[in-house]
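Sharing a structure below in structure tokens format, with a few things to ask.
Chain lettering (A, B, C, D and E) follows the sequence in which the chains are written, and residue indices restart at 1 in each chain.
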Amino acid sequence: MSFQIPIGPQHPALKEPISLRMTVEGEVITGVDIRLGYNHRGLEKLAEDRNWTQNIYLVERICGICSHSHATCYVQGVEKLMELAPPKRGLYIRYLVSELERIHSHLLWLGVAGHEAGFDSFFMYVWRDREVVMDLLELITGNRVHYAINTLGGVRRDLDAGQIAKIRDGLVVLRKRSEYYFHIGANEPSFVARIAGVGYLSKEKAVALCAVGPTARASGWARDVRKEDPYAVYDEVDFDVATADSCDVLGRVVVRVKELLESYKICEQILDKLPPGDIAVKAPRKAKPGEVVSRYEAPRGENIHYIKSNGTDKPERLKVRAPTLGNYPATVEMLRKGFIADIPLIFAAIDPCICCAERSVTLIDAGSGEESVARMSDLRRRAIVRHENAPLKRNAVWPL
Amino acid sequence: MAVVRTLLYLVVYPGLLFLFLYSTFCEWFDRKVYARFQNRMGPTHTGRFGLLQPIADFVKLLSKEDVVPEAADKRLFAVLPIIGLAVVSTAGLLLPVWNFDLANPGWTSFSGDIIVMLYLLSLPTLILFLAAWSSTNLFSTIGGARVLTMLFGYEVPLFLAVLSPAILANSWRLAEIAAFYQRKPLLLLPNLLAFIIALIAVQAKLERTPFDIPHAETEIVGGTFTEYSGKKLALFRLTFDIELVVSSGLLAAVFLGGFPGGAVVGFIHFVVKTLFVIFLLCLLRALTSRIRVDQVISFAWKYLAPLAVLQLLAIILLKGFLP
Amino acid sequence: MTDAELIEKLKSDLGDTVEEISNPARRRLFLKVAPQRLLAVTTRLRDAYGVVFLSTISGVDNGEMFEILYHFSTPETDYNIRTEIPKANPHIDSITPAIPGAVLYERELQDMFGIVVDGIPDARPLVLPDDWPAGNFPLRKDWKHERPQEVIPGGKS
Amino acid sequence: MLKKLTRWSRIKSPWILHLNSGACNACDIEIVAALTPRFDVERFGILLKATPRHADVIVASGPVTRQMRDRIIRIYEQVPDPKFVIAVGACAMSGCVYRGAYNIMGGIDQVIPVNMYVPGCPARPDAIIDGVVKLLGKL
Amino acid sequence: MKIAVFLPELLRHLFKKPATVDYPFKKLEVPKDFRGTPYLNPEMCIACRACERDCPAEAIEISSVNEAEKRFRMVIHNDRCIHCAQCVDSCPTTPKAMQMDSLFEIACDDRHKLKTDWVYVRAVLKPKAAAPAAAPQAAEPKT
């Protein structure tokens, strides 16, 4: 018996709206269809009537996990258009934040992978330790997510000695814990049984379907923008590109943990080499006409912004390609012939960031019961009634 | 007088009311220990130490709107939670906590009650399957199919594992098995392997990680319970809690030497031993990740069942050497 | 191979199939190609230069013309193939025979600009909602939309 | 007495459903972070539920995209009464930076009634807990 | 592969103090540069509208109440604010007229209550000279 199951847009395995329609026979998937569009917000159009400064914050809000990577990619490109040379110290701080963000993103992913596999203890421990890096980011930038540290021509906040010491302490803790999680992830039998051999993607397929980031690297294809097109400080620090050749979800776990360890290394080098001086230069309001292609290695893979200016204070065109979109064809390939139970794992293994891809998949809701769609006016009236009946008490304390 | 006593047995202690309270306590214990394993607090602010948390959940669910899907078989949909609750509560009555007096057994203790107990404990699985099937939701249907598939995996190892202490004790009555091991506690040791097998099988029966496949929320949303809400969900949750108590009570009675010592001491034995079993189950839950349904079946038939048979053989041989 | 050497090689190799090659920044090559020769150039680049990785396809509305850029990258350099098609008759050949991974970007191009991609294996809309009115292409410069009126529930209190 | 009991149980056991209507992930991750050991909302009996049928409180994040609008209403309808909605983050309240985009309908309150607004971009886990506490205090 | 690799960690944490913070009862400390809610320092404001122009989320609205008296009205929509502090960076005065405080627990059941509203008189760049004239009207924060 073959039937179709819808996954999403509201589904516990997905933190974001996307819809996958799986045709399954028993427990085996025979067909996959992805429908994007639930998360499509029309950002590229919006960017055309915002000025260069406003757009930093707009692109930052493409994604809440790799917010810094979008902002940096954009700022890098605009700085080239405006022919600005940010001071060294500013660049070092910018890429320190970007490596810390990679750490936060990979830790987050590691926890989510545990959660999707039903390994809740692992999830809880990883997320507990992720709070360490969140605290560091908050310390540097003033907010846990959406750091807003980039500005045209440099960064907005400087580091002082106390902060540097705290970052160093945090990195020591994180490195120790990451090594421990590597040990767990590679040794816990029930976890390994779930992820080994699942979601196979051969190197040939990965190349043909233009897979990016850790997905491609786990298939043995060593591509990393930081190495092949080193921007800013990456030709001054020493690091390796992590790869694995098992081509499955286990490989992707291994790649990400290895990248974590590389990131700690980069962070320490950045802190060691941090030069004194200014952190930013003043940026003009208008950019010269021109175009630029800006590439950046986000935690999920290559991030690419194409920016075209027409000489005004607003961009003519801003094209954003987030890594997740590039991984969808590969995901469809990986899901084929898998089990229902593997869907969340495989899907999580590309570390999907649907808001990044800013498009989305066809949803059918979880509940199949008869629904009458209430009219908007009706709902609004109800809301008003509720507001009137239930005023917020001053200093209302939750009776515990 | 006898009627009143029987009624008291049925309704208050050790019947429904006691089971209800004790099972909510066990759920709290389970959640709290699970949270502490994960370096969290767990329920804290509901009642003292969050003890009332399961009761709050239960009452809240009772007071919620009850939605029945249009396409579902309404009568079946409504009646199944009640049957499930009745079945596990009946199984609870068979526990040898209160009929400790061997010479004068109550009517709830009879030869062969261990078989009845195991049978009653496998009924909730079938009810769960029916519940999933009758709600006609896609995810529930998949959940229901997984429930049945898993049943074939864990049921045989569980039966075989519980059989081995019974054979050694030469009885089909729970109270007698318990009494036998109270006399010879050392003989509990040969059954250790069976105890582990039974623990794993009970974990699967209760659908807890790593066997929470039928309602794996990241895969098939709510699984079997996707369409249940309000009162019916409350009853199902209660069913699972009571099943947790009853099966841990069964394991305690068969593998840990029962609950000797009269009303008060026996009760303490009961609490300590069931909590110990629940602790082990909770540890198992925190320790593992969910596996796939095909892995459950192959694990059960490749390792659990042969080991259980081996254990059975060893016990029979041992019995030959015993005086 | 440096960018300058690569340009020489490309010029001698591709000849007049490429209208213009420029190199505005390090590792950024811009090739201008006529739309009819796009697939041929892409296939040639893929086979002879190892240009297999398509980063994305960007469309730009230039008023009378649509400019389409195919961003490729290789370990040596980045190739950006530019082609222009008239807005009045927006047709372009699909490059999926050469690069199967291009299908998503081509679908997006269809959605956002109303460019018809000939020979695309899967032409369904990708990002726009199901109830999107046909014939509206949001990224065209002449397309405007009206902001819905925002009603804030609750009175002033 | 019965009324008091149900009220008490409602305050003590709010089960939440997480609904993303096109958010940038930041609020979603912060909501999940509120479940993890550092903030651990299970202390208050809050559990994250997978299906709308089990939930009491919808925690919504993100601006409403055109494609999600009808689905949000359907999910809202599926939650059994009594139900509450918390809008987390600036996007869920008003659309923040996405105001005026062609595919955005505005905040959650343009589609379903909202009982509590939690500002922040993203709202910190403690701010989310604060919002939940204020909502429960209102009951 | 070993069996139960996670066991020591779990057992160790069973008797350890949980990592949970006692949040609603004990407030958390935020770092000193935390970006909370923006507020206006009306004496300093010169109504140049730089903040309004650079705000990415349309959260700041400046309208003129009375052109002759140079009375202006600024509304900060906290329900739209994304707490990026660009308004602080864009503000040309020293000390800044726009500032951020560390307040973040402002959850509310009504969006109207999240607006912050100021009516102020345009100040000159040297606040000391203008202060006596402006003082009676300025700084009427209505929340």
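Here is the rule we go by: contacts are C-beta pairs under 8 Å (C-beta built on N, C-alpha and C of every residue); 3 or more make two chains touch, one makes a residue touch a chain.
None of these values were measured; they are calculated from a predicted model.
Participant: Treat touching chains as neighbours: how many steps, at the fewest, connect subunit A to subunit C?
Facilitator: Each step joins two touching chains, and the minimum needed here is 1.
Participant: Which neighbours does subunit C have in common with subunit E?
Facilitator: A, D
Participant: What is the chain whose Cα centroid lies farthest from the Cα centroid of subunit C?
Facilitator: Result for the farthest chain: B.
Participant: Quick check for the class: compute each chain's Cα centroid; which one is farthest from the centroid of subunit A?
Facilitator: B
Participant: Comparing A-E against A-D, which pair counts more contacting C-beta pairs?
Facilitator: When the contacts at A-D and A-E are counted, A-D has more.
Participant: Would you kindly tell me how far, in whole Å, the mean C-alpha position of subunit C lies from that of subunit B?
Facilitator: Each chain's C-alpha centroid was found; their separation is 61 Å.
Participant: Express in whole angstrom the distance between the two chain centres, defined as the mean CA positions of subunit C and subunit D.
Facilitator: The computed centroid separation for subunit C versus subunit D comes out at 39 Å.
Participant: Using the average of all C-alpha atoms in each chain as its centre, how far is it in Å between subunit A and subunit B?
Facilitator: About 42 Å separates the centre of subunit A from that of subunit B.
Participant: Cα centroid separation between subunit D and subunit E, in whole Å?
Facilitator: 23
Participant: Pull out every residue in subunit D that's touching 2 or more other chains.
Facilitator: Residues 36-38, 40, 43-44, 50-51, 53, 65, 67, 78, 94, 96-97, 99-100, 102-103, 107, 109, 113-115, 121, 124, 133-134, 138 of subunit D touch two or more partner chains.
Participant: Spell out, as numbers or ranges, the residues of subunit C touching 2 or more other chains.
Facilitator: 128-130, 138, 151-155, 157, in rising order.
Participant: Mind pulling the residue numbers of subunit A that touch at least two other chains?
Facilitator: Residues 12, 37, 40, 42, 45, 57-58, 61, 121-122, 124-125, 128, 146, 188, 360, 366-367, 369, 380, 383, 387, 390-392, 398, 400 of subunit A touch two or more partner chains.
Participant: Which of the residues in subunit C come into contact with subunit A in the complex?
Facilitator: 24-25, 27-28, 52-56, 58-61, 69, 71, 73, 75, 78, 80, 99-105, 108, 112, 125-130, 138-139, 151, 153-155, 157
Participant: Please give the residue numbers of subunit A that touch subunit E in the complex, ascending.
Facilitator: Of all residues in subunit A, those touching subunit E are 50-51, 53-58, 60-61, 121-122, 125, 128, 138-139, 142-143, 146, 148, 151, 156-157, 180, 183-184, 187-189, 192, 387, 390-392, 398.
Participant: Looking at the complex, which residues from subunit E come into contact with subunit B?
Facilitator: Against subunit B, subunit E makes touches at 4, 6-7, 10, 13-14, 16, 18-20.
Participant: Could you pull out which subunit E residues touch subunit D in their complex?
Facilitator: 18-21, 23-24, 28, 37, 56-59, 77-84, 104-111, 114
Participant: Using the touch definition from the top, list the residues of subunit B that touch subunit D in their complex.
Facilitator: 31, 35, 38-46, 50, 52-53, 55-60, 63-67, 217-218, 221-222, 225-230, 233
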